[in-house]
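Below are structures written as structure tokens.
What follows is a pair of complexes built around subunit A, which joins subunit B in one and subunit C in the other.
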Partner chain A sequence: MDDYEIRRNIWEGKIPVEFDFDTREFTSIRSPQSYFAMLPRISYFPLCLSKALKFLSLSVDEDIDVKDVWLEYNGQILKWHYPIGLLYDMHVADVTLPWVINVRSQNHPDELVHPSKDTMRHIFLQAIKEADQLKHRGQVISSMTKDEHNRLFDSVVNNKFDDFWSVNKRLMHDETNKISYIPIRFYEPGSPFKQVLISPSNEDDSPCTLENAIRKALPTIDLSSYTVISQGINVPLNTPVIWMARNLSYPDNFIHILLRKS
Partner chain B sequence: MSETQSKINLLLKAAGDAPIMKQNNWTVEGDHTIAWLVAFIKKYLNIDVDSSLFLFMNQSFSPSPDHTLSSLHQCFTTSDKLVIHYSTTNAWG
Partner chain C sequence: MDPWIIHKNNLGVWAEQRSILDNFVRTCSITYNSAYGVPVLWFNLYDSDGQRITLGSETDNTTLQKLSVYKNLISENEHPCLGMAFYNLHPCHTEELIKLLSNEKNYVIKWYSVVHPYVLLPSPPLNFYKEA
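Presenting the complex of A and B:
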């Protein structure tokens, strides 16, 4: 049920990214105009941009902060509060690496959250609270100390797998509380995510599979024409969702599933 | 039929020192997101767009800005009414 190797590999998944600084918006930029980095799938762009922005600041002779910029790929805004791996699965249909992202400074989109570390911490912890509300009626997260909450976020910032799981294991395996519902979100490009109540078991007591869950969340979808992706993996439709929750969840405790027309 | 199903009955309650809304019962499209609701409440209460406004479900967590009201209703409400608290401070941490 609990697969350490898989959890470890998921945590260590990285994406090579090329940040291109928009030369129409950063007019004083000196070449070179790109910055390359390997970014953890499980992290968030606002937590990973300091080196790229330091590099940019040197090229334009002024201090550029994360709040001064926003990211765009293929004409689409990259949301600050989505994990990097989810954004990649969402926006990149053909695997061409590195992932070339445009760093922009003008026409800030209203829909972006403030990219400060405090805002990111807040959004991240609220997602974990919501996930625990689904799993254990919020009882496990509310029994944790503020220090434990902070350790969950700080271990993502500092990329510390063992620190994260020393706290997160209680959210995944609580002795007194069985999991009621699986925190899972379904994304189709261009629409808001779908989230419904998914129990670990079907009514006939068989384990609820990914296919069962998709049919519940998106009853009209023709699954034969979709590719189902999570963590960059084409997940087999017969995978039990309880196994996915424990092994394929992002640190925010949600399984993020992308449905892409194939 | 689809029209009545896609509408959500929403009850907005002030928490902390947030100003009270004179009209607090609304019927809105279920496809609307939390980001839309934040903008709606700020406009109704004349709160500056740049100031903070926190929304809370079940007095326990702030939903993601991308959550639709119908997803929240399905996952966290047993009655036909979706109750959301709003506050200018982070009332429930």
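Presenting the complex of A and C:
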């Protein structure tokens, strides 16, 4: 059931990004500037902006902090509390790389969460707790120390696969406690995610597949006109969701599924 | 007493209330979290220019200072039906607190009596739990 190769590949997946700073937003630069970076799919933009902003700060001769900016692609605000890989799958319909993102500094949207490390830590840990609540009624996460919770987040910040899994393997351990529900969220572009209670087995005891789960969450969907993506790949609809929970989850322990009209 | 209005969209049901206090506009929202099986209280405060207020930052305002005492129970996240940033009271703590006040009747009133001191809310949305 557990696939080390897949877990490792998911952790190491990266997206080439070009951060663009233009003269209308940053009036003290004389010409548009760009900063290129390879960002981990499993990380979050507010945790990955420091080098790009340091570069910009040199050009404008003042310190630009992550709270001074926000990110936009194709006229849309990037919800930076979502993992980078999920945002890419959500916003970029065709494969044109690098992913060109506009860094904005004015008209800061009120609907965005604040990009402080503390807020990112809170949101990440709230998701992990909720995922464990679904899987194990919260028993595993409540048996861990605050230090272990923080190690889960810090290992994402520092990109340390082994540190992460040394704690996460306990959240993935299901032998004695049968898993109650699968942590899974469904996204359609332009909408907040849909989340419903999904059991690992169907009523007839067959394993719940991705297709079964989608139909439970979105009963009226016509799947033939959609592409179903997670972690940048088209996931076969007959994949058991319990396998996905163990191998295709993001570090927040949720499976994030993107449904895009094809 | 500002009314609670029940809203519905394809993502769920929520109760919403908008009030004017001192020099703020306060929007409160109650959603239901199916993972914990508890209601969740969300709120935002807006200044006189309509800008959303950041909690936890330096302030001279006494209401905001009082609120910052509860900062360990409050955090920011995305409202599940509206998709916008709101502050919330952690649902996991709600469950612990409810267990201490255990009494099956008037569950929403009990929950409400726990949460309302934190955000100085006037009256509970009695219809909400039926809808959820």
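Observations on the structure shown:
Note that the second predicted complex is superposed on the first by the 256 of 262 C-alpha atoms of A that agree within 3 Å, B and C clash if a C-alpha of one lies under 4 Å from a C-alpha of the other, contacts with A are read in each partner's own complex, and residues count from 1 in each chain.
The rule is simple: a residue touches a chain if its C-beta (ideal position, glycine included) is under 8 Å from a C-beta of that chain, and two chains touch if they have at least 3 such contacts.
These figures come from a predicted structure and were not determined experimentally.
When the shared chain is aligned, no partner comes close enough to touch A:I182: not subunit B, not subunit C. In the superposed model, A:K194 lies in contact with both subunit B and subunit C. When the two structures are aligned on the shared chain, A:A245 is found in touch with neither subunit B nor subunit C. Legend: residue contacts after superposition of the two complexes on their common chain; A:I123 is shown touching both subunit B and subunit C.
Comparing which residues of subunit A touch subunit B with which touch subunit C, the overlap comprises 79, 81, 111, 113, 122-123, 126, 129-130, 133-134, 138, 181, 192-197.
Those residues of subunit B whose C-beta lies close enough to touch subunit A in the complex are 31, 33, 35, 57-58, 60-68, 71, 74-76, 90.
Subunit A contributes residues 79, 81, 110-114, 119, 122-123, 126, 129-130, 133-134, 138, 181, 191-197 to its touches with subunit C in the complex.
On subunit A, the positions that touch subunit B within their shared complex are 79, 81, 111, 113, 122-123, 126-127, 129-130, 133-134, 138, 142, 181, 192-197.
Partner subunit A is touched in their complex by these residues of subunit C: 10-11, 33-36, 51-52, 54, 75-85, 90-92.
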